[in-house]
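One chain, chain A, links the two complexes that follow: it is found with chain B in the first and with chain C in the second.
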Partner chain A sequence: MKRWQRAWIGGLAVFAFLILWEAATPLGWVRVAGISRPTLVGGAFVQLAASGEIYDGLYISLKGFFLGFVLAVVIGIPVGVVIGRYRFLSMLLDPLLMAIYNMPKVAMMPLLVVWFGVGFGATVAVVLLGAVFPILVNTAVGIREVDPVWVRAVRSFGGSEWDVFKKVLLPGSVPPMMTGIRLGVGRGLLGVVVSEMYASTEGIGHLIGLYGMSFRITELIAMVGVVSLLGFVFADLIRRLEVWVSKGRAEVQW
Partner chain B sequence: MSTLRYRRYDTVYLGAIGIIGALLVWELAARLRLADPVLISSPMLVAGALRGWAVSGALWRDLGTTLYELVIAIGASALVGIPLGVIMGWNRPAEYALDPFIWLLYSTPLVSFWPLFIIWLGIGANAIIALAFLFSIVQIVINTMVGVKGIDPVLVRCARSFNARAVDLFFKVTLPGALPMIVAGLRLALGRALIGVIVGELFSSNAGLGFHISFYGTRLQFADVFAGLFVIVIVGVGMSQAIRLLESRLVRWKS
Partner chain C sequence: MLHIELKQIRVTFPQPEGGELLAVDRFDLQVQRGEFVTIVGPSGCGKSTLLSVVDGLVRSSSGQVHVEGMLVTGPGPDRALVFQEFALLPWRTVEGNIGLGLELQHKLSSRRIKELVLHYINMVGLQGFERHYPYQLSGGMRQRVGIARALAVNPEILLMDEPFAALDAQTREIMSVELLRIWEQDKKTVLFITHSIDESVYLADRVVVMSSRPGRVKEIIQVGLPRPRGLAIKDAPEFVRLRRHIWDLLEEEVRRQVDGKEDRA
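Moving on to the complex of A and B:
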């Protein structure tokens, strides 16, 4: 009942918003048609999809995103585990990590385009940098917060360091790790769009910059819609993954 | 597995050693030409660039511009976001109606709105503030809503049964009760606003830390770029410390 109500009211609100947006220009609420109209945006979306422009852009952007993100996971989780496990290392590296964690990595864009090349190289680099720190830091926090009693239990039954990792630390730190991955996806997507808008000749971000510069508002809003949809789908996938992972945990606990 | 107990001082010493060590490795890499010094610069060069920036006075102008944009953006999002979050926390239909918009904004890479802001507001501080506002407001709304929803309904009913007006309910029950969540949201929102400001300045402006980085980046003067990044780190760490201080002041009653 509540769920049904939520969808119903939410859908109605979105519909009302679209109606107001559609009516704003013809009714003269907005002098300059700087906001386009939903029907026009829909038409532009169909046209851009039919011409293949959206797919080409998405392909390039997603390629950069996935490569950078996979690298971030492959680097972030093991390094996070090691830092979380050894108190000495975490004390040594914490201030350094916190300083870098607090800095918007997109600010490094001018360096990255020179180091890794305009376009694909810089995109992969900024996604990697944006995503790796949330993953690393949250993994380390997760490892550190695992109850040491469990570690001692594995030890006293003759378990090796590998057993400790596999049976206690890794499963125990999954929820914070997932938080890191969720934050990392957001930072990574941001990085892709910034990189392509800053300096690139392809990808969704480039198209957004291009339509913006040529004042083609309708196409611009259609492209912003594509990026929004992408972000929404990713967030939803992560939420499902989180639910799925925590379900598995509940089963193995006893 | 180390069972050694570390004292409080050790954290400070080891942390300092970590930072100094990293700087040393960087300096050596540049001196020994393990990497092209033009590309990686070096801590000594960065320190020089930082001094030049400060002496010329441009540092204070850039820092002032960035902080100004940041403060306006975060202030506006608190002013709009906290009431919005309270309404969403109090009123279920309002929550359901605004939910799709909030979640869409939360998951979208918001930089994609940048060209729209440029068209609507023109190049300059206004577009940058708008972008940073958008980056930060979502976090404030969500945290406020969660905070308001988490208030013990017994307190609300108690206030109601003593004939509390809506204003009293807001200032005496809702706001104090949701404060820890709101301040936590403010801290996250500041980080997001900083991203918005820096990105906006990076793309187009004529002042600010992001502008400094972009300006010297295109001229391949990387010592100045690193100096800019250093100041951004200081701003980021300084802000999160300031909020932490605010947090311990405001939320003291909780414990």
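Moving on to the complex of A and C:
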């Protein structure tokens, strides 16, 4: 099936959902104060965009997200590679990592505020904490699953451990690594919103918290929409990155 | 002139349930420079293991391999291995895979590598597939990539582990004729593993018949057939006699292997 056909069918469901939502209040199913209406939300969105409120919030949130996420990649991939490659390290660290991996990082929010203060620092920290473990663990899994015969091929032609790393381990573990990155983006986004709601005076998360507390449902939903749009855009970017990388561009040339 | 010398090679592998598996034991072989030696033996008798030891990928538990009098301690540019499982990198194209060995030697410019790669692509008949990925190739084509990759580094010793196993009977014969043609040009020293008795006799100066595991030399058969050889030589009485003889040796070994299993059961 062609891509536009698929988009069309998927769009149908979105459209139906919007109609039901719009009709819910006039039909008397719920009160408008509870769920608002798509037309109102659209209007609020335009207004918030025009006043610059969205951009200011988005700028702060994205700054925290990217800083934390880049740190997570920079730490998670090398550490994951090393743990995946050396059995002793993985035996040593696996139980500890698994314990931290499965712990909801947002539970550490109060602690992070104590350490990094209210605001930007805590946001970066929670994004980093949320994203680094899925990236690290999945990279390690990817390295372990690399076909040993590829390693033997590189070794056979005189390749060093460094050659093995850049010509086989890194490109060979890309699919699980990308899974880790995708999970990391989700957790990082969650981290930004929670951190800003709980411990910040700026950013999209803070605005969501603010409109929530003052029961301005329409603006609240518009802001939530901004976050879910962000998630959608990131997911799409990662899908493109995966396609690009799987075409053999993953090998490091240096 | 003596090129490769294997002295009392013994290889053991640790087993998952503990204990050790003796894969190769007391294996002796001397190979002259420019000699074409084929190795046949029952499945699992340690042929691939032996080739890995000569390549330097696997350390023998005891015994040594010398190449030109030098002790082998690891892989070297004088030897190249064609893997039984192809071992192509799936994210590299045909070109990229054939160039791998040259790239790892860090000696040539990427332009020069490209030229050489094209030369070997032509040699193994893969013109038009330069930009294909391994998954887009047939088994036989993949193996030709593996062969070209080994030839491209211009090694003095070519180690080939069942390189024609994935080919149909016809292509297989054509490839063995091709291999001999390539070999006649610069007479590399070749160690060639095969399951085909026909192939072993057709290609070889000498055929090494291995015992079932642990792999030892059961018998070494001198093949005196004249070179260059055409396929018609397979009908010569001497060829038929050698084939028969090797067949008998292998049958004995396979029987022993099967009987041994029954004893244990």
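What we mean here is this: the second predicted complex is superposed on the first by the 238 of 254 C-alpha atoms of A that agree within 3 Å, B and C clash if a C-alpha of one lies under 4 Å from a C-alpha of the other, contacts with A are read in each partner's own complex, and residues count from 1 in each chain.
As a convention for this text, a contact is a pair of C-beta atoms (placed from the backbone, for glycine too) under 8 Å apart; a residue touches a chain by one contact, two chains touch by 3 or more.
This structure is a prediction, so every number in the text was calculated from the model and none was measured.
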Inset, instruction - Mind working out whether A:Ala99 is in touch with chain B, chain C, both or neither, as first, second, both or neither? - result: first
Legend entry - Partner, of chain C and chain B, that touches more residues belonging to chain A: B
Inset, instruction - Answer with first, second, both or neither: which of chain B and chain C does A:Val154 touch in the superposed model? - result: second
Legend entry - First, second, both or neither for A:Pro38, with chain B first and chain C second: neither
Inset, instruction - May I ask you to decide whether A:Pro175 touches chain B, chain C, both, or neither, giving the answer as first, second, both or neither? - result: neither
Inset, instruction - Mind working out whether A:Lys167 is in touch with chain B, chain C, both or neither, as first, second, both or neither? - result: second
Legend entry - Intersection of the chain A residues that touch chain B with those that touch chain C: 155
Inset, instruction - Within their complex, state which residues of chain B touch chain A. - result: 1-2, 4, 6, 10-11, 14-19, 21-22, 39, 93, 96-101, 103-104, 106-116, 118-120, 191, 194-195, 198-199, 202-203, 209-210, 213-214, 216-218, 220, 222, 225, 228-229, 232-233, 236-237, 240
Legend entry - Residue ranges of chain A in contact with chain C within the complex: 149-150, 152-159, 163, 167-168, 171-172, 174, 246-248, 250-251
Inset, instruction - Give every residue of chain C touching chain A within the complex, in rising order. - result: 52, 55-57, 75-77, 80-81, 83, 85, 87-89, 91-93, 96, 100-101, 104-105, 133, 153
Inset, instruction - Flag every residue of chain A that touches chain B in the complex, lowest number first. - result: 5-6, 8-14, 17, 34, 86-88, 91-96, 98-100, 102-104, 106-111, 113-115, 151, 155, 161, 164, 186, 189-190, 192-194, 197-198, 205, 208-209, 211-213, 215, 217, 220-221, 223-224, 227-228, 231-232, 234-236
